[in-house]
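Please find the structures below.
Here chain A shows up in two complexes: once beside chain B, once beside chain C.
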Partner chain A sequence: MLLAFGNFTADPSVNLQLLIGGLALGAIYAVVALGFVLVYKSTDVLNLAHGEFLMLGAYFALTFLISENLNFFLGVFVLLLVMLVFGLLVHYGIMRRMVGQGFFAIVLITLGIATIIRALLLIFYGPTERARLDLLPQGSFEVGGATVRYVDLIIFGVVAACVLLFFLFFKYTRLGLHMRAVADDIEAAAAMGIDPDKVYAMTWAAAMVMAGIGGLLFGHVTGAIDRSIEAIGLRAFPAAVVGGLTSLGGSIVGGLVVGVIEQFANGHLGTKWREPVAFSVMFVVLLVRPTGLWGRKDLERV
Partner chain B sequence: MTAVENPASQQDSTTYRPSPVQRFLPFAIAAAVPFILGSTTENVNFWWKALITVVVLAVVARMAWVWTPRGELTHREDMRLWRTPSDRSWAAVTTFGLLVLPFILASDFTPPMDFPWATWFAVVNLVLIFAMGAAAFNLLVGYSGQISLAHVAFLALGSIVGGIVGVQWSGGNMWVALPAAALAGAVVGAISGLPALRLKHLYLLLATFGFHFVMMLVWREYLQEYFGFVGIRFKGENSPRIASWLHWLPGIDPDDNGEFIITGQFRWYWVLMPITVLSILFMVNVVRTREGRAFAAVRDRDVSASLLGINVARSKLLAFALSSAVVSMSGVLASFYIGSRGEDSFNVQTVLNYAIIIVVGGFSSIQGAIFGSAFFWFLPEWFKWAREELWIVRDIDFLSDYPSEIDLAIKGFLVVIILMFKPDGLAGLWKDVKGWISRSLARRGP
Partner chain C sequence: MSSDRLDLRIEDLTVVYGGVTALDNVNITVPPGGFVTVLGANGAGKTTLVRSITSLLYLHKGRVRRGSITLGGESILDKKSPDIVKAGVAQVPEGRKLFPNLTVKENLLCGAASRSDVNAIDDSLEQNLELFPQLRPLLNQTAGLLSGGEQQMVAVGRALMSDPALLICDELSLGLAPKIVHRLFELLTEINERRGTSILVIEQNASLALQHAADAYVLELGRVLIEGTADELRGNPMVQELYLGGGGEAHTSYAAIERPSRRTETHGRRPPVSET
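Right after this comes the complex of A and B.
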């Protein structure tokens, strides 16, 4: 039976627990969606490799924070620095030559990058799964019969801080202004003396740093760190779309909305309904309002 | 002053027209010789057969080359699929090659340096199935410009139809399941194409990706309802077979129990090859019709296309329906060929594999889909051989420690390198090689 609405419950504490779980999941989606949005907003590239970037971040976090046993802050600093260098590599090595190519060619090249990252991680780290990270506080507290983990609160705080930071960055710094200008019209921006190459490089670096933060955070809530955690990249698509692919704040709202909907589908309908429901929500949003809740609308000239 | 007849220009404009016999003789020879060679498998030395093959190839190509209409072409001749001498030669050689290939692969020949021979037949059959699916994918994504990631959803649809019509209703009748899957694929494909009327590029990609997940849910539900954990078995008692009233056909010797079950690589080849060739020819011809040109016009600019009088909605939905019908058929073939389909037979990685195939082969070229799938399946075989046998390479421990990972890395690097430096892929490379050969063969002008 396709429409078996099993184990529906009206128990408030169960629903509260689902709500809290959904918000926690939504915070993770928001982290990932923020990475998409950053790249899409400034370079118009749909980055299908973001899940792999995140996986890279999680594995580097394992190396620097667990294997090398660095001090937490030093380790995070090194992690983000390495990710930044990788972002510059992605831009100057590959993406730079793809500017001006067709839309699908660029999507496919991010797919190629994703494949390379997956293969290299398999070679250097092997297929065995690792225990999840445990550097952030692990405890939890009770609210009205539902459990709230500290990690989820921290993730939430970090995402909010990142969005605020990027918002201020885009609004008040010179580089942020350049990024907005290039996103708006690359030729006009170049004519005004802005170097789009540099701006794109900075965008990829920022997205990679965001993926590093995301990997570090997601490494704390995932079941285990193995090569299947890249799937979070695809699962966060609905969040990015619902919020609007060009809106930083939208990624938070979209993440939370999709996270809660998914968690309720998971709790009331069963695990198999999680992805179909999330993608159906995305589908409806696409049909009704393709630019998402807060996306930028583009006019097309013929 | 009266116009003076120029004998040279008169000679140039003399038109040469081959007779109908001349037009089809190369193809007839190309089709007949492999069977003659194949029926004498035991008696003749392999090298003699190889020699005959090469000679026949040369003769067939030469005949096709010479007997091509020249001079002023009529519109009808100009519109032919194999128009130029080189097109016709390649078509004749390919026909010959496709027909002679199974006999070569079935013979117990050991190539030098232990190049693996036995595994190649399975790879060739997989290439046939994948070429069909990839060509349909390319028709939709490359040629019509409708970005869709719902490819695997239609492979799953093919398996569902194969399961319902081919296994549950008829107990292994693939011949009924194929048209049923084409019909179901066309209808569901047109439905899945509905978002294309409103969305483009990125948003269409995401919407079709949503369709992928919905279809995966349907697939899992169907499996659980009727087949449970083990998945659908398309082999054993459900293997496709040739009906008994067709056993008089040449080359069909029923087994001991009086049935002719399609099993083993050799028999499968003769099922898969015609279906794949016909569906690819169908798609090659579709893009040459009015509808096919409308696909390209809609891809380039849909607003301009609508101003030219093209029904954009119809064109988009037709592209989705055609592509999905062929993909669903390839899904049925793959299910019956592989023999079982379970819960994890379809995943996102398969979509990505098809994307890799069409990029490496050559974007928006149906020929490229064939090259791409051949490359995709032969690469692991070549690499395995190189790892075990090739001089120097076999001594590198690193390679034999991480075989599948390095395969994956090679595929990823190839996609990146091809997109960066050779966007038209292997098909473009092949075109370059052909151009280079014909330029070096061409007589230098006076």
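Right after this comes the complex of A and C.
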């Protein structure tokens, strides 16, 4: 029976390679999970369009960095700026009207947004797939018999920096404080003179910028850029849930844990086991801790 | 200390949730530096009154059908809630409504959302800690873990952080030990006398509110039933019977008192519950 599960190997270098691949994949999951967490934490919306946001980022990266051939840093700046504007558009054009509506009505709206983004990308970019991005250093080096790609290291560093920035932002800035206040109790926040509308707009803008960064990074490691890369949103979902959906640090740990588990399932059990194992981990975590590993349990003394 | 002395005038205010009239032609005035209480049982429209003043009706699908609310002569009816806080109205919401996952200090700082002068905010924080010395060692505690009394102090302190001209307290006494409630009312009186901050207290605990307030209104089923000075209301047999535990000489029967009925304009649907 065990044989059906594929070939287990105790070779340390193979396992090290799987670990490194898992951490690299996990870092991508973490970026995506961070986007889920950001929106969920501050607006209570489960944004199922985040994978599409990321795809939008990847296609815009193609436009600004490859087609327009802008200087790398200028191109990234323009990319993130455009993503920010799209985030504001999502809020002021659509989500703002949904404030106060039921949870599932809003989730369905995000599915609608996802469909619109897929359709727009098809209209403007056509159905042909594009080669992946190659703007980050392409080489690799060996550690203990395993190959480490520079691009994975860069992704790792960028994700770590984003998390640190968000953490400092939420902890030490006024807007960050107001975002947490709105997340805790929107009516009390409004009563204190915090404008929930502005806070929500900033949240969507920040989520889009995160998706821009995610798209830029993922665009470097995906096979090719086409309209199927939005599936990364669904694949990163267990990472966000395992992390607890409300914790920035949780989204990172969740991303890495799920990434590594997937790679080991992939290497030892075969590719078809990758996603079933990831979702099984999510179920088990939810059974033991319904709010995820670091999820918020609302503190309320009655 | 407060920025300005402003009077609050509510005139002919009618508020509806869907088809249900929650406030019907209500007139209430808080003079500059005044201490006013609005008494009433559950469902009298007290919380609706607070939401109307602070422009939070929209969160509960309510709207003002008629009437005006002015602060210092300027209409605040069409302003958004952040602008109303900026204009000088702060509130201690019913049930405290602290941000449970934020620390005490962060809660207090949220109260200063309408201000930008960092030094002035620091001064207000320090004033608050002088007013509530118990809070000083708790500044970095998560607010949701404090006792009810401590939470209510944070809620009052948070409202004061906007340096308001008018402080509205909705059901301050709810769920708290009498001793703590007494202390809070003493502090409100102190704030009122020392800083000249106008105070509007919405209360079920009539005897305590009438001890501290200068003027009082009794709200019932959305209408002002009785109004006058606090002394007059304390002597009013109906108030004694209904709100002060029937200690007075006149024993009017509860059923004999003529009560206005809530005027509804529903279309056969059961309206959403308005009071929380």
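Quick notes
Just so it is clear, the second predicted complex is superposed on the first by the 294 of 302 C-alpha atoms of A that agree within 3 Å, B and C clash if a C-alpha of one lies under 4 Å from a C-alpha of the other, contacts with A are read in each partner's own complex, and residues count from 1 in each chain.
We adopt the following convention: contacts are C-beta pairs under 8 Å (C-beta built on N, C-alpha and C of every residue); 3 or more make two chains touch, one makes a residue touch a chain.
Keep in mind it's a predicted model, so treat the numbers as computed, not measured.
Superimposing the complexes on chain A yields a three-chain arrangement in which chain B and chain C fit side by side.
Contacts of A:Asp185 after superposition: chain C is touched, whereas chain B is not reached. In the superposed model, A:Val107 lies in contact with chain B only, and not with chain C. When the two complexes are overlaid, the chain among chain B and chain C that reaches more residues of chain A is B. Judged by the touch definition given at the top, the superposed model places A:Ile116 against chain B, while chain C stays out of reach. By the touch criterion defined above, A:Glu142 lies against neither chain B nor chain C after alignment on the C-alpha atoms of chain A.
Using C-alpha centres, the superposed arrangement gives chain A a vertex angle toward chain B and chain C of 80 degrees, stated as a multiple of 10. Smallest inter-chain Cα distance, chain B versus chain C, after superposition on the shared chain: 14 Å. The contact surfaces that chain B and chain C form on chain A in the two complexes overlap at residues 300. Residues of chain C that touch chain A in their complex: 54, 56, 59, 61, 80-82, 84-86, 90-91, 93, 97-102, 106, 109-111, 113-114, 142-148, 151, 158-159, 162. For chain A in complex with chain B, the touching residues are 1-2, 46, 94, 97-98, 101, 103-105, 107-109, 111-120, 122-123, 231, 234, 237-238, 241, 245, 272-273, 275-276, 278-280, 282-283, 286-287, 290, 300, 302.
Interface residues of chain A facing chain C in the complex, by the touch rule stated above, are 100, 174, 177-178, 180-181, 183-195, 296, 298-301. Across the complex, chain B meets chain A through its residues 141, 147, 195, 198-199, 201-203, 205-207, 209-214, 216-218, 220-221, 225, 301, 303-304, 348, 352, 355-356, 359, 363, 402, 405-406, 408-409, 411-416, 419-420, 423.
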